[in-house]
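Right after this note come the structures.
Presented sequentially are two complexes of chain A, the first with chain B as partner and the second with chain C.
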Partner chain A sequence: MMSLIKTKTAAFYNIKNNVENYLFIVPAVAIFTIFYIFPFIDIFNLSLHEWNGISLTRKFVGLQNFKELFQDEVWWKSFGNACYITLIALTFQNALAFALALACDREIRMKQFYRIVFFLPPVLSEVVVGLIWRWILNPGMQNGEYYGLLNYVLHHLGLDQLINNWLSDPKTALTCIAVVHSWKGFGWGFIMLLAGLQTIDRQLYEAAKVDGANSWNTFRHVTVPMMIPVILVVVILTVLGSMQVFVLIISMVGQGLVDYTEVPVTRILAAMMGTNRFGYACAMGVNFGLVLILISLTMKKVSDRMKQA
Partner chain B sequence: MKKILGIFLCLILLVGCVKRQQDPNTITFWHWMTDRHESFQKLAQKYEAETGIKVRVDLYAPSDAYTQRIVASAQARVLPDIFGILDKKEIFASFIESGFVADLTEYFKADGGQWESSLFSKALDVNSFKEGNIYNIKPGIYGVPIDVTNIQMLYNKKLLQKAGINNPPKTFDEFLVAIKALKQIGVPGFVSGWGELWMADCFASNYAFNIMGEEKVIATYRGEVPYTDPDWIKVFNVFKTLNANGAFYEGIVTKPNKEAEQDFALERVAFAFNGSWCVNVYHGMNPDLEYGAMLPPAINPDLPVRIWGGAGASFVVNDSSLRKQKAVDFLKWLTAKDQQEFIAEETKNLPANRRALSSIPEILSEFARGGDYTTHPTIWEYNENPLVSEKFTKGLQSIIIGEKTPEQVAAEVQEIKQREIKKDAQKMLTK
Partner chain C sequence: MNVNKYQVKGFLKVFFIHLFLVVITLSCLFPLFWMLRSAVMTNQTIFVDKSFIPSEIHLENFMKAWVEGNFGMYFLNSVVYTVSVVVGIVIISSMAAYAFSRLQFPGKNFFFYMFVAAMMIPLPGSFVPLYVLMNKLGLVNTRFGYILCMINVGLSMSILLLKTFFDKMPVDLEDAARIDGCGKFGIWWHVALPLARPAIAVIVIFNSLNVWNEYILAQLLLNEPELMPLQRGLMVFQGSHLVDYPLLMAGLTIAALPIVLVYLLMQKHIIKGLTSGAVVG
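Let's turn to the complex of A and B:
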């Protein structure tokens, strides 16, 4: 009899504990469902419809929007442009961030000042950065003088052959955007890489020095291996951030230079607000989201392998 | 402590979920015009003092962000009492069809049509749907214009005189001569904010009307005339010719209008293409600027150049608002002579009320004279497919940067046009 009571009490407490546990995760699950899962399902549902965003009726078109999307040359070109910006960010931006983080990790004068200065661009608004760089790259002249800073400097350095209409030239517009994006973004990488560098045990450097390693060997065999987890995080964040750049583009080149400065987000915006094709814009969103998920998964796999190695 | 915190959080959630009871004597009014916000606030205070009705004036700028907010609010059914629709006629029609916009015809026609007759008819046209419109909207007036606007060319008097030009050019050839003369004294010719594509589209449309006339332009939109037609090639050639003559200011294709306004106001460039709202903007940037307004120089002397214009800012009333009558009363008051004179004086915009025209500055009178030549996509019986328009404006950019010829662009635009015609035909078949 006593054992039956004991078993029943244990079962009761077991159920109570389980219910309690579930209750604790209910808010998180509810928030995740309402704000993440439901919108994604709704966006996918919208992508199967033709809708102008206002009308009370939506016409079901099945996979027609996706079919059209796969034949949309500008859409795929915009992907290529985003990849180009990402490539510049991955190389130029992160190399610069790493170099500056290494410099600030050493005992140099005014270390704190440099840290603050390097972290300034990321805290500025993208619109402000875009407008400042529009002025720097402005090709206009007044009274025989260039008033865009870059052309002005080039002119006074006697490099007139390099003077250009930077943001209205298909050869330079996207690169300018990519460079400005990198300039704005390198501060994040800098802070993360600097934090990573400071966690490396200084004894490792001393041991390497005792073993006769020069600076390059110390960097190659101590710093880089220890920094791999941080570098991977920086790379993933750079890729995801750069693929989604668009505010900077709008503030630098308005509605774009033909298709040379189009990226997926500007295309989604154009479909939604320019041509009022919400269904098509949602199909773009779904497609873009899936590509980003794919990129993230691939990079996670690569990062896991590198960690194992 | 934990319990208190839990109760507090639950209360916050509950309060958040309860629909806010709105004051029946407060009208909400959403607009996008930074330069007019202060004037609207002053007028709202005056209205409250006169009637006891409070008007909450909310500014959401720039216009793109405003449009997005309005669309999102319509989707969530939380539109304010008074708002503006800054979109194509087709979208305006969708708002009406979905029950978001009140039909104001009876208010305009009341008292022998006093309200209607006090306003410029072209400004009302933009807000009206005529009998037999292609959107199947019940004919009537659905919006209230608070000012009128038109987009013309502007010239800097001092710079033109410096180049030995005494009168602004009337023909396209005279314009090219002026550009050459300006070039000789080192002054760039023409600027506009074509980083905002609709402005380039507007300029092209002016010349399309001048070269081939309204009927042929609309026939093109209906798909009856191809973009490869010689007249359309002439339209594209306007851009090629201007480019070849060095008329365009550096970077025009990606220039936002605000920057183009700065270039003209600071006398860096002799001609600009801009709307009448620029008077206030230029005044703010350079009060001493001496300039005049002119119609775009004509190519075809047999047909008039038509400029875009009509209502500047218009507002509609939320059909499901509980304060519909109060909202209409406020708009009626806002478009009365005294308030219109106040807006015109404070913001240097053309008033929508014809009786308030007497107190406007000379440059606005010049704009007002162009009012006879105005037209607008929202009053055309047929609008171009947005995808074709997008290709068209991007094509104009390609011509300006010299990477494509007018013929290539015309062929590409026509290709998209044919694709869209085919799609429309398929849709009709499935219907």
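Let's turn to the complex of A and C:
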């Protein structure tokens, strides 16, 4: 009898204990379920429907949205544009970041100052960065003088043939966006790579020097192999970040006006806000999300193999 | 002679390294300077005068932007959103992280990895179903709805960061508090939270930057000017028919200045938080 009471109180105490412990995670789990998990499931559901976002009935269309999506030329073009931005970020931005990190990974004056300045663009918002550059690249003119600083400078250097409608010329618009994106992002790569460089044991450099390696050989056979894990992190995050850039684009050229500056996320926005096709927008989201997951899994695999080698 | 050659070579090397660094430094600072310079001009001079320091400096533009450009209202909205979201994230994520680190309950690992997984899976179009949901809940065009969404955005990363911190924290003090008769919530509030101050500082800084700079949810969820934060307000101003460039630049300055100040004061924490995350992950 006594033992039965004991187990009962123990069980009661246990339940009370658990309930109390659950209370700690209830707010987080509740918010997460409502604002993350529910939309996560709903995006798949909506992608199978044709729906304008307002009417009470949604028409189930199966995979029709996806079928249409695969034939949507603007969609695939927007993919290409995102890849182009990513390519510039991977090469230009990361090369610059690495070069700067190498330059700062030595005893030079004002190292701290450079570090602070280079990380300034990454902390600014995309809207602020986009609107400042939009003003600098402004093509307008009045009484023979250009508004935008870039065209003004080109004009006064006598380089009139280079003057351009930077952000409305299909040939230059996307490159301008990619360069501004790299301008905003290189400081971040710089900080990561510099942190990586500083973890390399200085004795390795000494040893290489003793063995008669010149600076190129040291870089090639000491620095690069030691840096591979950090470089891989930077590459993966650069790709995922650059593929999804869009606020910068909206702030530099506006929304959904021309196809040569469209990227997948601006297409999703256009389908949702412009043509009120919520199902189609969700199909785009699912498609793009799967591609991104595929890219990160592939890169994860490649990086694991490189780490083993 | 030999020594001389090496000295010259070394000097040239350092010179070119500095030249490179200085050029990039100027490219980082110049657009901000240009924004500041354009903010103090008039609608007449801004299009013709391209001197670095304009002949007349109109500081009253900032006042004009604050009042006429509505940037004062947007600014206060941004402050309200940033403070509420950050306070919410710190309380909610520290409670959850404390439970994940210290307490035992069924399904603990499942819930924890749910948050971790959310950080790994990119979901670029999730704002579409989120908007649909907010519409259904009647939370579109409400401060509360936007704040809840933004708390959710910062939650996973904060929980992960705090749990890692709590895991490394010694339990002695908490045991002492327990012996003194302190309950679980008391221990979390009086002992764990104060001890986790360094990690909380990182969470506060990163989430503040994130909320202050957020744009897309503000565009989808907030359509009334009285509710808009700065980033949204800037885009509305830019989209108006005839852009008043000096006021736009003053507005940009108002939006960028707090971020730059916080960054300059906190840059050590920011860089440490960023790199520790990268090296660990």
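We adopt the following convention: the second predicted complex is superposed on the first by the 268 of 309 C-alpha atoms of A that agree within 3 Å, B and C clash if a C-alpha of one lies under 4 Å from a C-alpha of the other, contacts with A are read in each partner's own complex, and residues count from 1 in each chain.
Everything below uses one rule, namely that a residue touches a chain if its C-beta (ideal position, glycine included) is under 8 Å from a C-beta of that chain, and two chains touch if they have at least 3 such contacts.
The model shown is predicted, which means the values in this text are computed figures rather than measured ones.
Visitor: Evaluate whether chain B and chain C can sit on chain A together after superposition, giving fit or clash.
Guide: Superposition result for chain B and chain C: clash.
Visitor: Just chain B (first), just chain C (second), both, or neither: which does A:Phe40 touch?
Guide: second
Visitor: Identify which of chain B and chain C touches the larger number of residues of chain A.
Guide: Partner with more touched residues of chain A: C.
Visitor: Would you check which partner chain A:Val117 touches, where first means chain B only, second means chain C only, and both and neither mean what they say?
Guide: second
Visitor: Tell me the contact category for A:Val224 with respect to chain B and chain C: first, second, both or neither.
Guide: neither
Visitor: With both complexes overlaid on chain A, does A:Leu56 touch chain B (first), chain C (second), both or neither?
Guide: In the superposition, A:Leu56 touches chain B alone.
Visitor: Touching A:Ala270, do we find chain B (first), chain C (second), both, or neither?
Guide: first
Visitor: Answer with first, second, both or neither: which of chain B and chain C does A:Leu159 touch in the superposed model?
Guide: neither
Visitor: Kindly classify A:Leu149 by the partners it touches after superposition: chain B alone (first), chain C alone (second), both, or neither?
Guide: Once the two structures are laid over each other on A, A:Leu149 reaches chain C alone.
Visitor: In the superposed arrangement, does A:Leu87 touch chain B (first), chain C (second), both or neither?
Guide: In the superposed model, A:Leu87 contacts neither chain B nor chain C.
Visitor: So which chain C segment collides with chain B once the two are superposed: 80-88, 98-106 or 224-232?
Guide: Among 80-88, 98-106 or 224-232, the clash with chain B belongs to 224-232.
Visitor: Pick out the shared contact residues on chain A: the ones touching chain B in one complex and chain C in the other.
Guide: Residues common to the chain A contacts of chain C and of chain B are 53, 134, 140, 142-143, 254, 273, listed in rising order.
Visitor: Mind pulling up the chain B residues that touch chain A in the complex?
Guide: Chain B reaches chain A through residues 64, 67-68, 71, 74-75, 87-88, 90-91, 94-95, 97-100, 186, 188, 193, 195-197, 249-256, 259, 263, 266, 268, 386-387, 390, 394, 397-398, 401, 403.
Visitor: Hey, which residues of chain A end up touching chain C in the complex?
Guide: Where chain A meets chain C, its residues are 18, 20-22, 24-25, 27-29, 31-32, 34-40, 42-43, 46, 53, 96, 99-100, 103-104, 106, 108-110, 113-121, 123-129, 131-136, 140, 142-143, 145, 147, 149, 152, 183, 187-188, 191-192, 195-196, 199, 230, 233, 240, 244, 246-247, 250-251, 254, 264-265, 268, 272-273, 278, 281-282, 284-286, 288-289, 292-293, 296.
Visitor: In their complex, what parts of chain A are in touch with chain B?
Guide: 52-56, 134, 138-144, 165, 167-170, 173, 252-259, 270, 273-276
Visitor: What residues of chain C sit close enough to touch chain A in their complex?
Guide: Contacts found on chain C: 14, 17-18, 20-21, 24-25, 27-29, 31-32, 34-35, 38, 46-48, 50, 91-93, 95-96, 98-100, 103-106, 111, 114-115, 118, 121-133, 135, 148-149, 151-152, 155-156, 159, 184, 188, 209, 212-213, 215-216, 220, 231, 234-235, 238-239, 245, 248-249, 252, 255-256, 259-260, 263-264, 267, 270-271, 274-275, 278-279, 281.
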